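Each chain carries a letter (A, B, C and D) given by its place in the written order, and its residues are counted from 1.
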Amino acid sequence: MSEFEESGIGEECGVFGCVAAGEWPTQLEVAKVLTLGLIALQHRGQESAGIVTCNGVNPPTYNTLKGMGLVNNAFPPENLLKLRYGNLGIGHTRYSTTGISELQNCQPFVVDTLHGKIAVAHNGELVNAAALRKKVMRHGVGLSTSSDSELITQLLALTPPMEELDAPDWVARIKNLMHETPTSYSLLVMYTDVIYAIRDPYGNRPLSIGRLVPISKLHTAGAGEGDTEGWVVSSESCSFQSIGAKYYREVMPGEIVQLSKHGVKSLSIVPRPEGDLPAFCIFEYVYFARPDSIFEGQMVYTVRQRCGRQLAIEAPTEADVVSTVPESATPAALGYAQQSGLPYVEVLCKNRYVGRTFIQPNTRLRQLGVAKKFGALTDNFTGKRVVLVDDSIVRGNTISPIIKLLKEAGATEVHIRVASPPIRFPCYMGINIPTKEELIANRPEFENIAGYIGATSVRYLSVEGLLSAVQGGIPSLQGKDERINTNASRRVGHCTACLTGKYPVELEW
Amino acid sequence: MSEFEESGIGEECGVFGCVAAGEWPTQLEVAKVLTLGLIALQHRGQESAGIVTCNGVNPPTYNTLKGMGLVNNAFPPENLLKLRYGNLGIGHTRYSTTGISELQNCQPFVVDTLHGKIAVAHNGELVNAAALRKKVMRHGVGLSTSSDSELITQLLALTPPMEELDAPDWVARIKNLMHETPTSYSLLVMYTDVIYAIRDPYGNRPLSIGRLVPISKLHTAGAGEGDTEGWVVSSESCSFQSIGAKYYREVMPGEIVQLSKHGVKSLSIVPRPEGDLPAFCIFEYVYFARPDSIFEGQMVYTVRQRCGRQLAIEAPTEADVVSTVPESATPAALGYAQQSGLPYVEVLCKNRYVGRTFIQPNTRLRQLGVAKKFGALTDNFTGKRVVLVDDSIVRGNTISPIIKLLKEAGATEVHIRVASPPIRFPCYMGINIPTKEELIANRPEFENIAGYIGATSVRYLSVEGLLSAVQGGIPSLQGKDERINTNASRRVGHCTACLTGKYPVELEW
Amino acid sequence: MSEFEESGIGEECGVFGCVAAGEWPTQLEVAKVLTLGLIALQHRGQESAGIVTCNGVNPPTYNTLKGMGLVNNAFPPENLLKLRYGNLGIGHTRYSTTGISELQNCQPFVVDTLHGKIAVAHNGELVNAAALRKKVMRHGVGLSTSSDSELITQLLALTPPMEELDAPDWVARIKNLMHETPTSYSLLVMYTDVIYAIRDPYGNRPLSIGRLVPISKLHTAGAGEGDTEGWVVSSESCSFQSIGAKYYREVMPGEIVQLSKHGVKSLSIVPRPEGDLPAFCIFEYVYFARPDSIFEGQMVYTVRQRCGRQLAIEAPTEADVVSTVPESATPAALGYAQQSGLPYVEVLCKNRYVGRTFIQPNTRLRQLGVAKKFGALTDNFTGKRVVLVDDSIVRGNTISPIIKLLKEAGATEVHIRVASPPIRFPCYMGINIPTKEELIANRPEFENIAGYIGATSVRYLSVEGLLSAVQGGIPSLQGKDERINTNASRRVGHCTACLTGKYPVELEW
Amino acid sequence: MSEFEESGIGEECGVFGCVAAGEWPTQLEVAKVLTLGLIALQHRGQESAGIVTCNGVNPPTYNTLKGMGLVNNAFPPENLLKLRYGNLGIGHTRYSTTGISELQNCQPFVVDTLHGKIAVAHNGELVNAAALRKKVMRHGVGLSTSSDSELITQLLALTPPMEELDAPDWVARIKNLMHETPTSYSLLVMYTDVIYAIRDPYGNRPLSIGRLVPISKLHTAGAGEGDTEGWVVSSESCSFQSIGAKYYREVMPGEIVQLSKHGVKSLSIVPRPEGDLPAFCIFEYVYFARPDSIFEGQMVYTVRQRCGRQLAIEAPTEADVVSTVPESATPAALGYAQQSGLPYVEVLCKNRYVGRTFIQPNTRLRQLGVAKKFGALTDNFTGKRVVLVDDSIVRGNTISPIIKLLKEAGATEVHIRVASPPIRFPCYMGINIPTKEELIANRPEFENIAGYIGATSVRYLSVEGLLSAVQGGIPSLQGKDERINTNASRRVGHCTACLTGKYPVELEW
């Protein structure tokens, strides 16, 4: 929760695509589906948003709409109107990792190539971007942004052969790109009348496919193939409900899937090096994803609740009540309460109107800090020992005033229980993490973290505990298996680099 | 929660005032205190906001800043800068009840009178406004808005005597105003170097006083009078924490309190007619106020939790889990779970980025309705019987798709438990309520409300149950008295007009 | 020209009204006519603009649209749309004389009175405003702005009798107002289905009536009464052409004219005190009005040209070329050239994109000053003696760098000829003039004004010369009478207070 | 004048660059100099504006600021502040020729290449753009815009050799580019600490160099080299005065000039094919350029005046007065009056507040047309025969209502004299001209153009007459040579393609 939020830890992006099924021109209003899909992915990036729609005929017409800020601000209705004719399209919502916040970095990118126009939207970060940039520039290409997406489009454009072809082989070019860079990317490439949905061989970033059905059949089991109104692809399945799509399946690590009006077709799976496990980012479970999204067959909320339960097993507490720093830590807090048998109460009430304030704080107001953001629900904890579950401690400067607030308002003890292990290493695969020096877990104060932040005690979830919670090894409360849909036969593996320093691929420097 | 929110039920306004204590010019930055205070009252009105600061010398200089929308938008920093010199000031945040949304209706109002300039901010609605308007106009005054606040300023201006005085008796004029109109108003009147804080004789709208102390002494018991940095007055005490003020006391029904740099002074209490009880709006507890505010010595959150517990006593349910429609019904849901012993789980996840969307929905998207707003946390309720606690059902068209969503996602039963009685009557004292015909409780469908909204069963809290919860008559869970600070000797009474049709004063037509 | 512009000398306002003739609802689109009319009056005020339309039935509905800035910015098309149903309306464009620039001072004002709603738009300044404010406030009225227009509406509202009447006598109230204050005002009062157009007894501010005819008949002599599509009233006749109206006549000093769908009717003429002459502001001719407007039967351009000719007679110059400081001094410069026989050339080219610049000038850029605004057309004056005609010298700091520019670019002599007399006194009747101390004509430097501003010589038009030019006493060039339409029998008189200190009425202090 | 303006005929762009001289970091505030320089070039493009500043060290930091609309709107002061540290920079103001108005087309373009970052600003249009695009794409480069400037940057980037060099040879690359494309471009290329200023071999677009001197020495002859504060390069010399620069010289056709803190250095002149004359766009003289700019040693105003004189020789008229359609035709009208001996008067008064109006015209208002824009100064022409000089007739629909207005207001005859020849052909070198079918000179109505537009007679300047006026062949009025600074020995030539169909290079299709 707040520690992540305050720390500026964030995801690079969300991607979303849609192809109308059946006869074209479609009645589907693809631009509206894209917009609603992106709103549901808004938590993955609030800096800028863009969509590109295409009529799908040859040569195609692409219409682009981009803007800074939230989707609702970036796409004024009068502009959205211009995109209303489209049979397919892709969209993107961006979180700035570099600090350079400009419209020109806003995705999707559209480029004209010898073989026609392509549009590209990308979530992730190429681990070997620097080497690839040099390679592209050595070929004589100028790069106008620092974004990986421009780099990807130019890599796709310059792959030989360089003759004008009747039917350019984009799949070969995509495979070539995938051989050039192992991770991390979930990628949408739109060309004329198809969208290619690609996940890197390590599956580091998520990507799921959904099927648009008539709303009336949305929640019935019997919506057959004939009822399909279109196909969507999204960073997270949470966006499917908001547009009336049924969850279909995930794109597999290394897979290239083609979406067209004729349906969904798996074109290829580019393998990992022998012996390498998949490396889906474990922080998608811990913090980034929306709790109602499904990854690897399990609901994110349930995984977070399991983290809370595992934490209660690893770090039990003599206390009166369990609570949460609203809102993201709530599933873990409820899991902790469930497992420990302690009552769950609310101790903080969030003022949803705070937000980016412009007031230059004077000394007085700066000292107030977190008080503007949270109200203390004193009746619920005065005179009590409180277990406060949070999802992380990054720098330690957000949780500290909350503890102070609770203590001053009457809590006799405040035990911090963190539902994830300490973050110690940078991420090079799409997540914006403070420098090593800023991370509290790398600082001398960490020795006596409880004293530093003013807590009665502090305990973290172990890496093994987190992996158990994610990979389904937590015993159920009532003794029955809680895991849903998990393929027992599947070879699981997750990227824990920011916790352990073990990166899925060797990094070039 | 959502039913209220969706129905457009809302409060007219929040008021906030601040006087710097000690030597003037003050270092307090009164305009910033006002701004932060109003942000904490933002839930009482999002249409427009305004502040007026004053230097406090004679003749005084008033600086006004007004704007449409949320406080953060209404007060751009460069404009706020202009108000930086001020020793006292009042502010207002407005919720439009009339639908006429214009800057000229934005408060506070400043008028020049024979005895100097006054500024007025008002929360409430004068029950006899029509007769008072006629009276003022018959005196030859033209009224340029339909707002009660302009009416109040002109009533204050035209009270005799009409000579130029050295020391005009504003208190006499305020008393005169209070005799002209019995309710409903919580009122701030600023004149040169004092703020008069007034609550109508029925105490229909809230008003509390706080004391600004050094931040370092905020949470210590020992901040003595000598430490006072200023005095604030606010519709709700929740705003005190965010500016570093300690709760001092409520303004009593009928009371005129003077705030100045010298401190707080009770000037007068205008009585109610013999036999009349106070009539504090019970919906401040049920829905309007922020849960961390304190009214009549009790925390709003705790009252809402008691409503949930009383509801569990009145309407027990055979079910597996208890949940809430986030976020406002959560205290009641937790209270219901506590009392009933059923486990509390979350079933809905709110997309905080939805909000006012501009997209013209086509048939497809309109059918999706609530799906854009809430994600279903299916793991938590599939195959289970759910008690869903909401704070009200107004028109019935918000809860219905939520029930559908839960059932289709696997809930075997959905029992709706409403933590307040049915709303049947209009409010003439400041709350915007749909017309009688729109209220579900007045419609034929109400006979079979469960069938109408698709629930397995529906039960409401009784009026008596609500009054018990508000007036402290609920037995505590562990057998000890839960009420905090309630004056047993106090004659309590609350306005339940919208539930019962019993208005505190006779209405003129 | 520029000296006035740079000095902030300006007119208070322009007013414009329109009533559709014939059957209602009209097809005339009154709101658009008002908007175009105000755009044509934009030179009279750029601070804010407002229009009020009315459906004309009883009780009437008034729709108001106000905004800051130029008309085109103040009235966004979507807002203008809301006013599209209206059978009559009035509008206003405002120039701030007080420096307090707020939407709440924006006219027209609409107030609800015992006898219904009136809307008021005003150009001018009440010479006895302070006494009238005190009188109104003594009656118990609070005033929320410092504007004369609010004062006028409250004066109209409080005039007895104070009973509710079937047919309130607004004309009696207007006459009463005119007896309370002698000048200066051109006033529009809209009530239900009529507009009263009023000019003060001294006729200090202009007001003209036009007749809307079918565009096809606009320029034919034969457009009969039957062709009338509506009636308009405007501060200046220049606005008539832009909306397709024919000039009808001026409102006379002291006259109350009623405009309704039935036509134009003179209701009354309130006389001046015995012996007083009319006092139309002579600066309307010199600077404020648009050159294509007609006052007292003569075109403003022609009067300005006569000023230039008179100046050539009074102050002949040995020189090579005559030129202008563009654009307002051009008619006078051409007149000077005509009379003197010297060739007219252009020496300065205006950059029309300069305008309000936000750049904080550093020392370097501040020194550049006027260079950003004007380019030197060197070929036209290098090696020549230049007569440069300007319309005024107010503070002397605008003309000075222009002279420097011309000299450095090669002019051998620069003779300044000013087509109006020196301004020495403040105006209390609606014109914003710098303080006496700032006026160059009141400063010691004026003794050697040529040296001070760097000119070879400086000469002003005499007061008598200006009056001759305005009142038609200049002999024509070719010996025939140039005056058009002037009523020889009319008793003429003009306000020259800012030049001579002789005010039309005695000022109260 | 208006015919051009109304027809949407326009220039593609203006470019401006600045290098501070002497020690770095400079005190010059390069970003402000660029902004003021672009404001002075605003007439060359109002769609968008951009500047890029550079600190000039290796590796360099570039800061970019771009925005839509006029310079003053595009560069809000808080954004400009971010660019305040810069020792050199280039800027661009853009006029959309393609109708695609997007921020991403806004120049300057910055790209990262193997040899570092370059920034490019371009005025003109590459005649062989289509072939060059194909060539670049065949090399494997994707192009993200349709702009020539992106094409130019990629051409510069892909020129071999492709090794990483210590000192990349940008001049060789620029020469290579110039061999790839003969015209039309005036180009600025910024690299680390130098600006290359390039003009195509035909010199089709203008480019001049200026020297920043201390303001105090601006107009003195004696500002020596030691006084140089910086060097500027601009599409037009009119911008020099507004920033305090002295005119230095033009960049010659085909020349590459290097500007650095050490001064100005001519690096190379790329020749034209044997026998080809220069082809400076003659319409820069006729319409596009600001009258105070200097091209080929002559002031634009003077050339326009000569056009008017030549027109009076070619097409004399029996009439009473000569006038102009303000403002751009005024020099020609004054020249016509001078040569013919007829008096010059003003007949139209422009309403400077009209401008882009949003009002959807109804039938009535559409018929009014030009009346909103111009007021008739009737006194000056009633009963008279008028020669009205305009600078062009493009479609014929602007001049027509003006003639109608004059005739209806009393002109007995209206003779149109056009100070340029009829436009008959499209431009492929940077000017936006209507399609051939829209040009009045290509339509059957042209046979009887006078009847078509309602004039008494219509005459155009001949192509030969225009060339004489431009190339200095008009005898002076007083018998002395009027030409300033013209190099008699210079081989002159001008592009008259839009008038004659003779393009300077063969066009590829």
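Convention: a residue touches a chain if its C-beta (ideal position, glycine included) is under 8 Å from a C-beta of that chain, and two chains touch if they have at least 3 such contacts.
It should be emphasised that the depicted structure is a prediction, and the values quoted were computed from it without experimental measurement.
Common neighbours of subunit A and subunit B under the contact rule above are absent. For the pair subunit B and subunit D, the distance between C-alpha centroids works out to 62 Å. Each chain gets a centre from the mean of its Cα atoms; for subunit B and subunit C, those two points are 50 Å apart. By the contact rule set out at the top, the touching chain pairs are A-B, A-D, B-C, C-D. On the side of subunit B, the complex with subunit A involves touching residues 28-29, 32, 35-36, 39-40, 42-43, 46, 70-72, 76-77, 80, 215-216, 218-220, 238, 241-244, 290-292, 299, 301-302, 330-331, 334, 338, 343-346, 349, 351-360, 362, 364-365, 367-368, 371-372, 375-380, 404, 408-409, 482, 484. Chain contact summary for the complex, subunit B toward subunit C: residues 64, 103-104, 109-114, 118, 133-134, 137-144, 150, 153-154, 156-160, 162, 164.
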